[in-house]
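After this come two complexes, each holding chain A, first together with chain B and then together with chain C.
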Partner chain A sequence: MNKPLRFLIVLLPIIIFSFFAKVLLVEEDEKFLKFNAKNLPSFELNDLDGVAVKSQSLDGIKLVNVWASWCITCLVEHPFLTKLSDENIQIVGLNYKDSSDKANAWLQKNGNPYIFSIYDPRGDLAFDLGVTGAPESFLLIDNQVIAHIQGEMTQRKWETIFYPLINKARNTK
Partner chain B sequence: MIKINFFLLAAFIIFSSSNFAEIAYQFDDPAQEKRFYSLISEIRCPKCTSGSIASSDAPVSRDLKNKVYKLVIEGSSDKEIKEYVSERFGVFADYRPPLEGANYILWLSPFIFFFVIAAIFFSKRRV
Partner chain C sequence: MIGEISHFLSLSAVVIFCLILIFNFFFIFDKTHSNQLSLSLRMFNQACWLVFISFGMYVYLSINDDFSIAYIASHSNSQLPIFYKISSIWSAHEGSMFLWIVFLTVWSILFINSLHRNHPLKRITLLMLSLIILGFLLFLLLTSNPFERILPFGAIEGADINPVLQDPALAIHPPMLYLGYVGFVISFSFITAYLFHGNFELEWEKDIKNWSLVAWIFLTIGITLGSWWAYYELGWGGYWFWDPVENVALMPWLAATAFMHSLYASSKSNVLKTWTMFLGILIFALSLFGAFIVRSGIIDSVHSFANDPQRGLYLLIFSGLITLLALGIFAYRVPSLNVSRFVISGSKESYLSMNNILMITSIFSIFLGVTYPLIIEAVNGEKVSIGPPYYNTIFAPLILIASIFIMASLDSIWQRSKPFKSIVSSIIVPMILSLIFTYVVWHVTAVFSILSYIGIFSGSLILFSYLYRILSNFFYKKFINIGSAVAHIGFGLLFIAISFNSILSYEKNLNLAPGETILIDESIEEFSFDDIKVLKASNHDVISVEVSLLQDGNNIFLNPQKRKYATRGQITTESSIHASILKDTYLTIGDQLENGSWTFALKINYFIKWIWFSASLMVMGMLITIFKKKAI
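Up next, the complex of A and B:
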């Protein structure tokens, strides 16, 4: 066997192994860092109090959180959202495939961190946003969707994805 | 007794049939129907690890199937429908990613790999 070939036989498994290691060991949250900003889809819905909400109502910096009374994980992230709202982060709820009675009862029971919750029983706005279930969260800056995560909001996701973007937006203003 | 059991069994089979769970998609044009079923098997369920929306009953897959149905009936092309879906759910949703940009690596790597292996194989034989 010639030398370059023997070299290749040793090298090839190393290349293949490192390729799979890179793919498999990537942090689950990091995939959310790759996000192409897009415009907020235009919509006209009501909030849970029956007040009309349009896409233009969501100006400035808003955290949009998709939730439902049937969603168990939403209950898990609820204390963290409450903490964010105490820190003056404006959180808009997107109540997804739910009934307004159950949703309002849920907020009454667990506390309401949202400035208001858009009522989307059929999931129309959610569909246009690319929501796959609940909970999910989006960051809106001046009607642009600039971040999207699936699953519960955690300290880690907040610090690595959302907070730097908010900070940047605040500093450029 | 046997008769009653037979009726119970018959009733069980009829009522447990998945026909009641499925939403029937009605088409006047068989070509549209064919396109619909091929499209839903080519769009990945965004909520599943791997599986098309055809094989999934997740709420988002149901919504996607309804949307694809509506778009097929309205006369959108396959390309338009796939663009509609990937605008919202990302290129991840398309089981057949378009041959462009970084996807060249995806499409061509099996051939490159094949040629590398073939080259090694033949050079080995010469020695």
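Up next, the complex of A and C:
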């Protein structure tokens, strides 16, 4: 075996492991903490039961969670969302690029933590909001989008990003 | 009290493993076999036994519902049958890590004591094993302690095991998989010890051959059980999802498979020894990597445990150091290994080394698939997802090339080139048969999918060459390695089954009210929704549906259910499956619509059982190889 190859055998794992160390160490939350508040884009869609939803109906403090029946990670974060809804957090689902049959079956099977789910099969509202995939979560306070995370909602993200904002909003009222 | 004793025993094991390492550190370059070996060995055995007793006590605590222990309180329940009280131990992170360590010590203690008393590699292997066990024990006790108490008052009742885990397949799936994963610690430590020791006259292949075969068998059974469980319990309706956690199990499996082949070649001739050593190290390195991926929560997956960067960082540093230690010794020693560098083309080992390269390529492709989303995200913050199409398109051509090499290697011989002309006949026959078979399939099914046909062609190439070989063996009394033939037939069958499954299976979403009957297609002439009942069971409510089908002239009754579990409020879907040799009729119920009718998902899965049957053929082939001593 020649020298470069022997060198590579040791170097490659070092690169791989340092890459993972970097991914692991980057404070994911910091990325999400720098978020500029913006207005909720106006929309007119139906929810999964066929009832019309407008942007105005999302007032007060709402957590908007982007989900789909094809999304495996949504299943992973689902118990946590259920816990949040048990703690009286109002969660609005945004059913993203899905079919209503499958979405309803998914909710029936796994339980429904949402007060309702906006049905967005083409991803119109999702596009306006800046959704790149599922799951993602947004925090709305009085029609203002004030926080956005990508990926699974975890206890840590909830405590470091969302909970302080909600607390602040509740206290100012 | 027993909890504290159990905790204390694990801590004592940590101390003893530390002592072994410190004590031997001063003698590590001393190659004479003096008294320290027998002392270290005694200490090693005692430390392993401490771990076993500690785990035994933990099992006792779980059976006796000691809910003052936080882990047991959050994963078990007094209403559970004893079987699930035990299996609840490995239903989450802390306990499953404990089980992982127990298996690590089981393999280590068995292997170390099986070596000859004065085996020159015994001491360094023992040190390597101690180091690895110590690393995991510290991980368990420092970052994920299963012994933690809820103080001052314990819970009165446990929170219950996750219902989807209350299943016999799942109780066995993790132990089997872990036995496979950690079983390769033996080849890893032994090869590292051999390279470190530096006496390259030693024979090392036969000492680890059977250990690795057994570990391979456990790994294969573990993966197959996982696939089976996902199919019939999770209600996913498929057998493989290219989920990151499935991928990190498949990578060591591929490395292990390449390793078995390489080991076979290097015990027959002097070539491929470097390959064998590299692969032997790689398998366990990939197992460690898998443990990191699953337990750090760095990639979202249905399998991932709670996201905890501290655990991830510990595992990353630990597995990184262990891997680098082994690979560093390997890279340092490789030039002094006395191996022939030239593989004679057309010899058996030349085909085997080609397939080694293919298997490394597929490991690398999976590795890329798993890490690519992370890389992209680190580079420009975008989220991408890599799914089945990527893996299918990469694997199909690799399998086609591999199957051609497998076929060619069958009639070749060790260390000598066999002219192409002399193997032509044994290539032509399977080739023609496979072409005919593939054409017939295309003609009959009238479905076209290039990837599936590559799969069918490659699978039948392997299958027919072995069948042809068995036949000619029967007539001309040629030698055939039965174990290998059975395993490879299983391998060929696997691809045929997977491809058939992908072109023939279909899915129907139905919508029926109780009492209704509808026609589905020419195969299922009647689908009647006979009855629906709501029942109460010990810890859950059941919605039970009775459906009868007139399928291919036979009456079939299916009984899919939905269960709602009281303690966790979780809803599970119990699919109902009617299995025949060729296909499974798989039915799950969805939800009730406003007009009172119910939705159903009906899946007709062709050849799905053949996939698991092929896997068991591969296991059987390996078993034959182990028990037929002459075979290798």
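Here is the rule we use: the second predicted complex is superposed on the first by the 147 of 173 C-alpha atoms of A that agree within 3 Å, B and C clash if a C-alpha of one lies under 4 Å from a C-alpha of the other, contacts with A are read in each partner's own complex, and residues count from 1 in each chain.
Just so we're on the same page, a contact is a pair of C-beta atoms (placed from the backbone, for glycine too) under 8 Å apart; a residue touches a chain by one contact, two chains touch by 3 or more.
Bear in mind the structure is a predicted one, so any value in this text is a computation, not a measurement.
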Exercise for review: Applying the touch criterion given at the start, work out whether A:L25 contacts chain B, chain C, both or neither, answering first, second, both or neither.
Suggested key: second
Review point. Which holds for A:F17: it touches chain B only (first), chain C only (second), both, or neither?
Key: second
Practice item. Answer with first, second, both or neither: which of chain B and chain C does A:A52 touch in the superposed model? Key: neither
Review point. Is chain A touched at more residues by chain B or by chain C?
Key: C
Review point. In the superposed arrangement, does A:F7 touch chain B (first), chain C (second), both or neither?
Key: second
Practice item. Kindly classify A:E152 by the partners it touches after superposition: chain B alone (first), chain C alone (second), both, or neither? Key: second
Check your understanding: Between chain B (first) and chain C (second), which does A:L75 come into contact with in this model arrangement: first, second, both, or neither?
Key -> second
Review point. Which of the two partners, first being chain B and second being chain C, lies in contact with A:K97: first, second, both, or neither?
Key: first
Exercise for review: Could you say whether A:T132 touches chain B, chain C, both of them, or neither, answering first, second, both or neither?
Suggested key: both
Practice item. Go through chain A and flag every residue that touches chain B in one model and chain C in the other. Key: 1, 132-133
Study note, to complete from the structure: In the complex, the residues of chain C that touch chain A are 235, 241, 243, 274, 278, 285, 292, 296, 298, 300-302, 304, 307, 309, 312-313, 316-317, 319-320, 323-324, 327-328, 330-332, 334-335, 371, 374-375, 377-378, 381-383, 385, 509, 562, 569-573, 590-592, 599, 601
Practice item. Could you please specify the touching residues of chain B with respect to chain A in the complex? Key: 46-47, 58-60, 63, 67, 87-90, 120, 123-124, 127
Point to revise | Interface residues, chain A side, partner chain C - complex | key: 1, 6-7, 9-10, 13-14, 16-17, 19-26, 31, 72-73, 75-76, 79, 82, 101, 104-105, 107-111, 132-133, 150-152, 154, 156
Point to revise | Touching residues (chain side chain A, partner chain B) in the complex | key: 1-2, 5, 8, 38, 97, 123, 127-133
